[in-house]
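Same chain, two partners: chain A is paired with chain B first, then with chain C.
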Partner chain A sequence: MNKIKEVCAVIIETIGSIIGKMGRAFVNFFKHFAQGDKITKLSYVVMGAGCFLRGQKAKGFIYLGIQVCYILFMILSGGYYLSMLPTLGTNQQGEVWNEELQIYQVIKGDNSMLLLLFGVSVVLVTFGIFILYLMSVNTAYKNEVAVKNGEKLLSFKEEWNMLFNEKYHITVLALPVVLTFLFNVLPLIFTICIAFTNYDKMHQPPGNLFTWVGFENFTQVLYQNPLWATTFMRLLTWTLIWAFFATFLNYIFGMLLAMLINKKGIYLKKMWRTIFVITIAVPQFVSLLLMSKLLNDQGSLNNLLISLGWIEDYIPFLTKGNIAKITVIVINCWVGIPYSMLITSGILMNIPQDLYEASKIDGAGPIRQFFSITLPYMLHVTTPYLITQFMGNINNFNVIYLLTAGDPKSLNLYQAGETDLLVTWLYKLTVNEQNYALAATIGIIIFLLLSFISLVTYNNSNAVKGESDFQ
Partner chain B sequence: MKQVNEKKKWTPRRARRLASSILGHGFLTVLSIVWLFPIAWLIMQSFRGEPGAFTKYFIPKTWTLDNYIRLFTETHLFNFPRWFMNTLIVAIFSCLITTILTLLTSYAFSRLRFKARKPMMNVILILGLFPGFMSMIAIYHILKSVGLDQSLVALVLVYSSGAMMGYYIAKGFFDTIPKSIDEAALIDGATKNQVFWHIIMPMSKPIVVYTILTSFIAPWVDFIFVSVIMKDNYNMYTVALGLYQMLTRENIQQYFTEFCAGAVLIAIPITLLFIKMQKYYVGGVTAGGAKG
Partner chain C sequence: MKKLLSILLVLLMACSMMVGCSKEPTVVNLKVWGAQEDQEMLAGMIEEFKAANADKEWNIELGVVGEPDAAKKYLEDPEAAADVFAFANDQLRDLVNAGGLYKVTRNTENFSDIYAPGTIDAASIDGTLYAYPMTADNGYFMYYNSDFFTADDVKDFDTMLDKAAAAGKKVFMDVSNGWYIASFFLGNGGTLSIGADGKQVCDFNNDKGVEAGEAIKAITAHAGFVTGDDSILIAGIQDGSIVAGVSGTWNAESISKAWGAAYAATKLPEYTTASGKVQMGSFAGYKLVGVNSQTKAPVEAMDLAAWLTNEANQVVRFEKRALGPANVNAANSDAVKANVALAALAQQSAYAVSQKDVLGSYWTPAEAFGVAMEGKDYSKSVQEQLNDMVAQIQQ
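This part shows the complex of A and B:
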């Protein structure tokens, strides 16, 4: 209960500070308009007026240019896409009888997908322009105040030089921000929008239209559609079980392996470490695809065991539901143990040795030492790592997809197999089933799940508190 | 005196230590065999002369280099040399862009203080919580609407677009460089731009190397975005997706050993690079990796 309270407090605090900042900006916006002189007032209509009328020619004309471009863009195409956003198109593609030519002619309908994509882009561009507008208004007022106080305004060259010093962050972050916006933020907002439409196999543009359906996809997948709901619940359960085992088995065994290699009296420590590192260094699509072929019903491992006479019939490592689940967890140990061995080995050596010596005098054996000294110390230091690992395993696409591709298939599940995680289900829904709406819905649910986990855990771990403390 | 005696005499304590040492080494040997078994199998299969996907025996009966030769000569359906060049081109360009952008972003978040800093870091944290390829269809349509689908430029853009999101490790490194160093330079009249290029960069060689290597490796191992962007245009594939394609149900009987040969060729350089950079990797994950 306490944790939830704390999380709520953090959320309320954040929202509060955002509202506070916005409110102040809002008040300033009108106050500056009322207090400003003619030029400042003019710059509320003509962007950059407060700059070029006060001598900052280049800066002012850049602002003006942006405004002109934006208005032209909205008239030429932006306005159309914005107006289509509420309906996502009304004209369906179809055939119309042409009297003159005596034939059926295909007329192009609206493409809902493109309308949504461009609509979202226009909204984002407008938002960006709005921020620039606020900046220009702000500059205009500041310039007025500066001129009144008899200060000299910065020349374009001075401002340009500031980009490499006081305002270096703008120079540095401009390109990364643009790339992130184009290829992460915009696609993500578009996809989130799709979760609230009926964009599935039956509604594929350009042949068909799709439209907004509100929260229907969410209610369908949570309880209304029995097949979807069972699939979702079973995959969610399996995803959590998988993430738990994949994280903690790897962690514990990796740590034990690291302790074994670190132990006094073991020779060739570096060689042993390298042997295990090789397996994580080999690209996963190679090692895991190979594993799946090795464990195939007719694969080499079964053949080897049969020819050795250890088993009579092949073992369905990857083709029987529960065996397959165990197999993927075990194979994931093969992938993950060296990894956590690598990570923990350095930290293990940092544990103060006198702790062990003192406990030895008190008569503690190696097992007692592990549970009373090593494990608590390691858990304390590596909690953030464990959290990221757990979240990473919830989204562990590679291991499942390359090993089993989610198989064995099951009739009780909608487009999913026994070993499918939510994230591989999302992939299958997108690529095989083209049910983009459901896939996007699952994506949002995974996001909510992960943010819940990270909010609860991160805000309670020490590593996050006071980020700049150690600088 | 007691210690000397211990070394010479066959005491129970010494016997126990020897036993535990033998046990430890034996256990490690068994584990190593288990861990290296699939890799040994991969290498043996790549030299196997007999056709087909699966054999009833473990060690090949005839050994040959044919699989490697076929990989480079039979290019009508699966053009391995072409894939290799595609991947190399994409890797070089996306590595250049990603390295510069990641380091600049990390520097900004570590050293510069500006209003949007915390909000931006929070946005990146939130973006990272969405499944990576949830928006792949949208990315495809964005690229298509500007006519870039099925091109290598698209791949370079997609791989470099994540640069900002991967700032954590390099930021963790920059955070450990004492701030007094750049303050001294700033007092001497250097700009922040100069501080970055002439002071921080030369001191950050490990993290530069690490960023270069990780961003260079990424295109070699990704097969999801390539398959979405390139669709069925086999000639524009990268090695990962191409090799993946060799193991589909229709192709596996004919191409399995070729797959193994290709996989060995790709895995060797990546493995060597990884072993070389493992210490940076560990440092990054444990120090800066988990912090916001």
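This part shows the complex of A and C:
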């Protein structure tokens, strides 16, 4: 519990320092306005005034150009999208009889989804422009101070050259930052917004509008709608169980396999290793789809066992809830062990042999050696790997979807099956049910869960805390 | 100041150019979606359409989206979807609810002559026609091996199961599938309808439904019964272990090949409930061609949709792909009547119910009930399981 508190304290501290910085910038913004001369004051209204009126022509006009473009953009389209953001559209699609063409001509209405998307984009653009505005105001004040002190202002050419020398990081990072905002941040904000709307089957564009509903989706999925809530809780439990076993069974068996191959007296080490690695060469989805055919009720394995007379009736490997869960975990071991074997065998070879020799002299057996030397060493090095594996398994769409597609379906679950993870449920809700709002809500909940688990475990791992132990 | 002015002017010009850039359309751009297997055939039909309407310049693009996925793909992005697309008629309500389809008002003058009332109803919502009927073969019936079963045997499910079990053979039906399992409930008077709030209403958990459920329980537990998907059916027919199976026209070719002269098909059999024998019902599915409400050329799109579904092209569909025509004239041709599978489907159609009033929420719970029956999960009574199923369907 204390450790969680520590982590929380770190988070709060970070947030606090960010707020502090923002606060100072905020105060400076007004202070500089009060202290500045006319030109600086003008630059609060006309971007770049503090530059071009003091001789930095090119820079000043670039700022001004940005401001003009932004204003035009807002007048031409941005303002409209921004004004539609609070309602997400009011005009529903309609139709009128066109006598000449003999059709009911469709009059297009507002498309809530596009309005939301463009609205969010406009907000992001505005945010970006606001940062540029703050930069221009800041430059204006700095220029004023510099002129007062008799310093010479940098020419455009000098500043341009700086972008390739002192400020090279800005040049290099500009494109990645813009692209990240465009392809990561914007869709992320868009999806988060959908969780607070009623975008589902009954509110499907283009014929219908959807609108904001606040936290209703969250309360529905957590307790108000009993079927959704039980489905959510059961799938969450199964997701965590799955992630635990999928991660640690792979890890332990991979390590044991690696140790077995590493052991003195095992011949043809390279051949064994190659054999296991060859399974990686087969694309995962191919082997998974083959497995699902093999383990079918009427599949080859059941037929073989029946014809051998070992079993009377087929074994429902993939069609009975609990058996299917076990099957999925076991098959995931089969898919994943070669990987962890590869990773761990490298580290195993790195463990200093003198540790083993010293322990042998002290009378430690192989089991004691494993728990006192091998495991601590391995855990120390691989905790971050384990955390990412765990997170990856919580969202392990491929294995589940290709193997069972979440089946067998159950009457106790809402549009889901026994082996569905939260993420495959989310997929089904969007693709089969078009319940985008619920899916986005679940997405947010998964995100909160993942970030909490990973922050707490990562900050408490030895890899972070005792970085110098083994050096 | 001059510089500032010139920059402003340039910007304004750039903006005005962007606004005034929309040029007059001279070419009609249309996009059509069809199934992978139909691409070649559709391309031929489109070429003929272009030739028949040479007064306009056409740019018709053909995309691969099969009928079962059409609504799903459409709703992902209506603006980018095809102008004319084929879909199964169980998606009609979702598409109409989403405002995705143009009302069909052109080229419908003789519809009452060339289509059966059931067909037109399957393409309409509240009496308004929303799509052109294309095929009427999306249903299922009983294939059987006539060396094994007589024409009398296949009238009764229990007879079939007993006879198959006695010979160590199997009768196939995919029970863990809402589409097939519905035949028991529909046969015993069950209904699926749409409530006032637009949600699914289902009465499969009333007394009659429970009778049907108990029958499903008995049948799935029978030694002569096997369930699974199409691959199980085909494999079983090829290795001789399956002697009869419920399926549709898409398997006709491989089944007739495997059975040769013994290949036969008929309507679904009767099954036994506590209150007597019941004829199994079924879903009758149609495939329709609709026009996207977001299209820029509704008139041309409607003409193209009508062309793709006209009598000549329905005949082409039957000849090239053995798809059962919806058009009465095309369906009454001798060639269609001689087709064993389509004849069986026609026999079954007397007991079939249109799939139009089935919403997406029906399938998963119905499948879950089938899974419980297949898995012989009797932890809850049939009544309780059906109650759960209906509660979920009506969510």
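Here is the rule we use: the second predicted complex is superposed on the first by the 437 of 471 C-alpha atoms of A that agree within 3 Å, B and C clash if a C-alpha of one lies under 4 Å from a C-alpha of the other, contacts with A are read in each partner's own complex, and residues count from 1 in each chain.
The working rule: a residue touches a chain if its C-beta (ideal position, glycine included) is under 8 Å from a C-beta of that chain, and two chains touch if they have at least 3 such contacts.
This structure is a prediction, so every number in the text was calculated from the model and none was measured.
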item	value
First, second, both or neither for A:T279, with chain B first and chain C second	first
First (chain B), second (chain C), both or neither touched by A:V328	neither
Contacts of A:C69 with chain B and chain C, given as first, second, both or neither	second
First (chain B), second (chain C), both or neither touched by A:M47	neither
Partner chain(s) touched by A:M255 [first = chain B, second = chain C, both, neither]	neither
Most chain A residues touched (candidates chain B, chain C)	B
First (chain B), second (chain C), both or neither touched by A:S287	first
Contacts of A:L227 with chain B and chain C, given as first, second, both or neither	second
Touching partner for A:Q415 - first (chain B), second (chain C), both, neither	second
Touching partner for A:Y104 - first (chain B), second (chain C), both, neither	second
Chain B and chain C contact sites that coincide on chain A, given as residue numbers	296, 298, 431
Chain A to chain C touching residues, read off their complex	61, 64-65, 68-69, 72, 76, 93, 95, 101-106, 108, 111, 201-202, 204-208, 227, 296-298, 316, 319-320, 407-417, 431-434
Chain B residues within the chain A interface of the complex	17, 20-21, 24-25, 27-28, 31-32, 34-36, 38-39, 41-42, 53-58, 101, 104-105, 107-108, 112, 114, 116-117, 120, 124-127, 129-139, 141-142, 145, 157-158, 160-165, 175, 179, 191-193, 196, 220-221, 223-224, 228, 240, 243-244, 247, 252, 256, 259-260, 263, 266-267, 270-271, 273-275, 278, 281-282, 285-286, 289-292
Chain B contact footprint on chain A (complex, rising order)	113-114, 117-118, 161, 164-166, 168-169, 171-173, 175-177, 179-180, 182-188, 190-191, 194, 257, 260-261, 263, 265-267, 272, 274-287, 289-291, 293-294, 296, 298-300, 303-304, 307, 334, 338, 342-343, 346-347, 382, 384-385, 387-388, 391, 395, 397, 423, 426-427, 430-431, 436, 439-440, 443, 446-447, 450-451, 454, 458, 463-464, 467, 470-471
Residues on chain C engaged by chain A in the complex (per definition of touch)	3-4, 7-8, 11-12, 15, 19, 72, 75, 78-79, 94, 96-100, 102-103, 105-106, 176, 198, 226-228, 232, 235-236, 293-294, 298-299, 302, 360-361, 363-365, 367-369, 371-372, 374-375, 377, 385, 388-389, 391-392, 395
